[in-house]
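Got a structure for you, questions after.
By written order: A, B, C and D. Residues from 1 in each chain.
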Amino acid sequence: MSKPIAIIAGAGPGTGSAIARRFAQIYPVVLLARSNSSLDPLVKDITQSGGSAIGIPIDVTSPNSMTSAIEEIKKKFGPETSVAASIYNVASKFSRKPFLETSADEFLGSLEPSIKGAFNFAQATLSLMRVDAEGGKYPPTLIFTGATASLKGGSGLSGFAMSKFGIRAMSQSLAREFGPKGIHVSHAIIDGIIDTEKTKGFMEDIPDSKIDPDWIAESYWFLHTQPRTSFTHELDLRPYSETW
Amino acid sequence: MSKPIAIIAGAGPGTGSAIARRFAQIYPVVLLARSNSSLDPLVKDITQSGGSAIGIPIDVTSPNSMTSAIEEIKKKFGPETSVAASIYNVASKFSRKPFLETSADEFLGSLEPSIKGAFNFAQATLSLMRVDAEGGKYPPTLIFTGATASLKGGSGLSGFAMSKFGIRAMSQSLAREFGPKGIHVSHAIIDGIIDTEKTKGFMEDIPDSKIDPDWIAESYWFLHTQPRTSFTHELDLRPYSETW
Amino acid sequence: MSKPIAIIAGAGPGTGSAIARRFAQIYPVVLLARSNSSLDPLVKDITQSGGSAIGIPIDVTSPNSMTSAIEEIKKKFGPETSVAASIYNVASKFSRKPFLETSADEFLGSLEPSIKGAFNFAQATLSLMRVDAEGGKYPPTLIFTGATASLKGGSGLSGFAMSKFGIRAMSQSLAREFGPKGIHVSHAIIDGIIDTEKTKGFMEDIPDSKIDPDWIAESYWFLHTQPRTSFTHELDLRPYSETW
Amino acid sequence: MSKPIAIIAGAGPGTGSAIARRFAQIYPVVLLARSNSSLDPLVKDITQSGGSAIGIPIDVTSPNSMTSAIEEIKKKFGPETSVAASIYNVASKFSRKPFLETSADEFLGSLEPSIKGAFNFAQATLSLMRVDAEGGKYPPTLIFTGATASLKGGSGLSGFAMSKFGIRAMSQSLAREFGPKGIHVSHAIIDGIIDTEKTKGFMEDIPDSKIDPDWIAESYWFLHTQPRTSFTHELDLRPYSETW
């Protein structure tokens, strides 16, 4: 009987890696990202720490690519594999641009990860969740990563805001549909700059003013451990110094 | 010098017609809908009441179709035509269905009006708004029709909720971008059953329990008349008997 | 048979006056404020414009004072007087102050207008509303004036935010209780600086950057005219130049 | 050098007890409730489990009573005592009643715990929080217990909603004021029936359909452990079977 697994989409450096490492302390993890170049070091890192991980390069916005990934997962973990937790951490494209100068292709392209991607991923992973899975200590959990723009549409950010509002809408709808089946769907509003390689040098004058990816991971893990009596459907994460 | 015009997308029977008739009391109106069959009677009705109206059959989700419509408008009203008000009243597809039984095509198809359509329409009409337009008594105004699902993602309604949350995100972003230019962008949450041909027979036991399309129209007109000192960016409309 | 009346609490210079003048175009108005000094010029102004107005100096936070005012109203307009519209526009005390330096008296004192006052006023005026009142063209309406702080608790503003969140809570509860009886309860979020004597000199560099009190009044009047099929329970009012 | 302590107001049976027991695993706890009868068994229980607890009967709505409690705490734990965590879990009075039948005394009385009590408690405990306290592993934390009515004012519940909206306002204001100082202020929306002695027999037909007080406690503890890089300011807790 195979152990339940965790699947993380958007398992690049930074938040995705931190989440993967956290869930790998308990589950074999499947890491999805666009290219092997971001997957390989993470798989190696987790494996060396005694965890179990595989990386699958994938275009989450493509149904075929998602289907292939699921087939690969079943081949690897057995046809009866169940998903204990799946995390949709794929970034929405952020680019502040005057609305009238935005081409339809730019606008729609920026929405694809949040719409096609989230749909493909949520459907594929929810269909592998089983509340009575052997070895499943916690309710199966689907978590979406949100942002400031989940709650507020900023100037010049129509596409980004539409993505993030949309993800939140999906999270709420799925929480209401799958909650009564014992599946936990939750949404995290990450409001602030995340402390990663890319943001080195930002806000260095204020100590601890960037969100710690390990604590995003810890918070997601906490959500996963909640029993069905006590589900959190939304929480925010924000540095102490953030204006909001 | 041509008079500013109003453009209404989703000018079908019910709300769209009511809005068109209201704005036609002041402006020549351009009515957009999928087919001439819903446009013709409305154009005739407005013309007979002394208003000026043209109907253009269009697929708002197609950039080319939108571009052609704008060309037709310019041909008719002159190349310097300005838009006093544009209303995006195209319905999002509503179908409650288990998420795992929804195909990608169904899901994405249901989003097109709210994403591609709203983008095409907002961009085309905003680019024709001029705050200093001669004959422009009120700030140019873009209004989006929202729904209960603009604020709450219901079970089995991921696609619909994503559409409506998305429209609201776009409305907020555009309000923040175009407000400072003197253009009024607003969002109306229509929360309840609208009293139309289609809903005849619904809730007949409670008098006045359906929203009056003429009062949606009146409310949109009210929004349009607000000066730039005092813009409303969101209002709800709900029958007195509605549980919310 | 006496005509329905409108009652405005917080009928001082600025917004209260503007509301009073607007409703006085249709109804005899009763103006409530702390002192005759702010009531007298307004009563005179309305009377000279052909309207009917009386001013009653009152401490709205005192149940006795409210009761006396209602008795005076009944004496003046007859025991069968009905209220067509009542507007609670009493300011909540705004003072940004470090929480740890705020005395209990300051804190609680700042809440009185929003809690005791709103309770006394809402109860007194709702009890005089009759949906079948002769001469009552529109559903009886109770409107509360809110602020930015109705939605967001700012730093150093606990008392003010508690006041404004509280007023919004009351408005929602009353809307849900009295709506089904045909009474319209609504809440307006006034988000920005209002253009009054007191704010002369503020933001003079940006034209039209303060909210026009007459348009607050016009918006309240619009709310009042909505039929029970189509009630708005909340709207915001904000200058085009406001950051939000 | 004395160890930081935790203070729990509303330490009655059910949620308060569960929170107290959880925080007593790490800190000496001070339990505040109206009477010794609810404090004594809890103090005994915690002491017998190896924890350290004292109970102080108190009327949190009275500034004098709160001041005496703080003096007692300083006498017991030393004048340099610091507070690691304080939790305001005092119930707001819930009674659904027609608004026009509610007396001013009832209405205002029902608000006292949420207004006077929360003010007294927040001020007293925040003034004892020190971010550099020796033995203080986590940022000092103040948590408020909210409810469904924190977000929605229900019919016949004006007073209760005003209480709960008010608490949320205070939590937001304090979070924005004290966050930059490294103090974590958070608000938990408890949306559902809590599984306590009093609710025995409720919803017995659906397993696990009541919120587990131990998981409220666990969630509060989790909030407390978050570092200042990653504060959660609001989360909800809801059984899987809850309609929302």
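In this section, a residue touches a chain if its C-beta (ideal position, glycine included) is under 8 Å from a C-beta of that chain, and two chains touch if they have at least 3 such contacts.
Because the structure is a prediction, the values reported are computed rather than measured.
Any chain touching chain C that also touches chain D would appear here, but none does.
The centroid of the Cα atoms in chain B and the matching centroid in chain C are 32 Å apart.
If each chain is reduced to the centroid of its CA atoms, chain A and chain B end up 34 Å from each other. Separating the centre of chain A from that of chain C, both taken as means of CA atoms, is a distance of 46 Å. Multi-chain contact residues of chain B (touching two or more other chains): 176.
Taken chain by chain, the contacts form a single closed ring in which each chain touches exactly two others. Within the complex, the chain D residues that touch chain A are 139, 176, 179-180, 182, 184, 195, 208-212, 215-216, 219, 222, 226-242, 244.
The touching residues of chain C, when paired with chain D in their complex, are 63, 98-100, 102, 104, 107-108, 111, 115-116, 119-120, 122-123, 126-127, 149, 152-158, 161-162, 164-166, 168-178.
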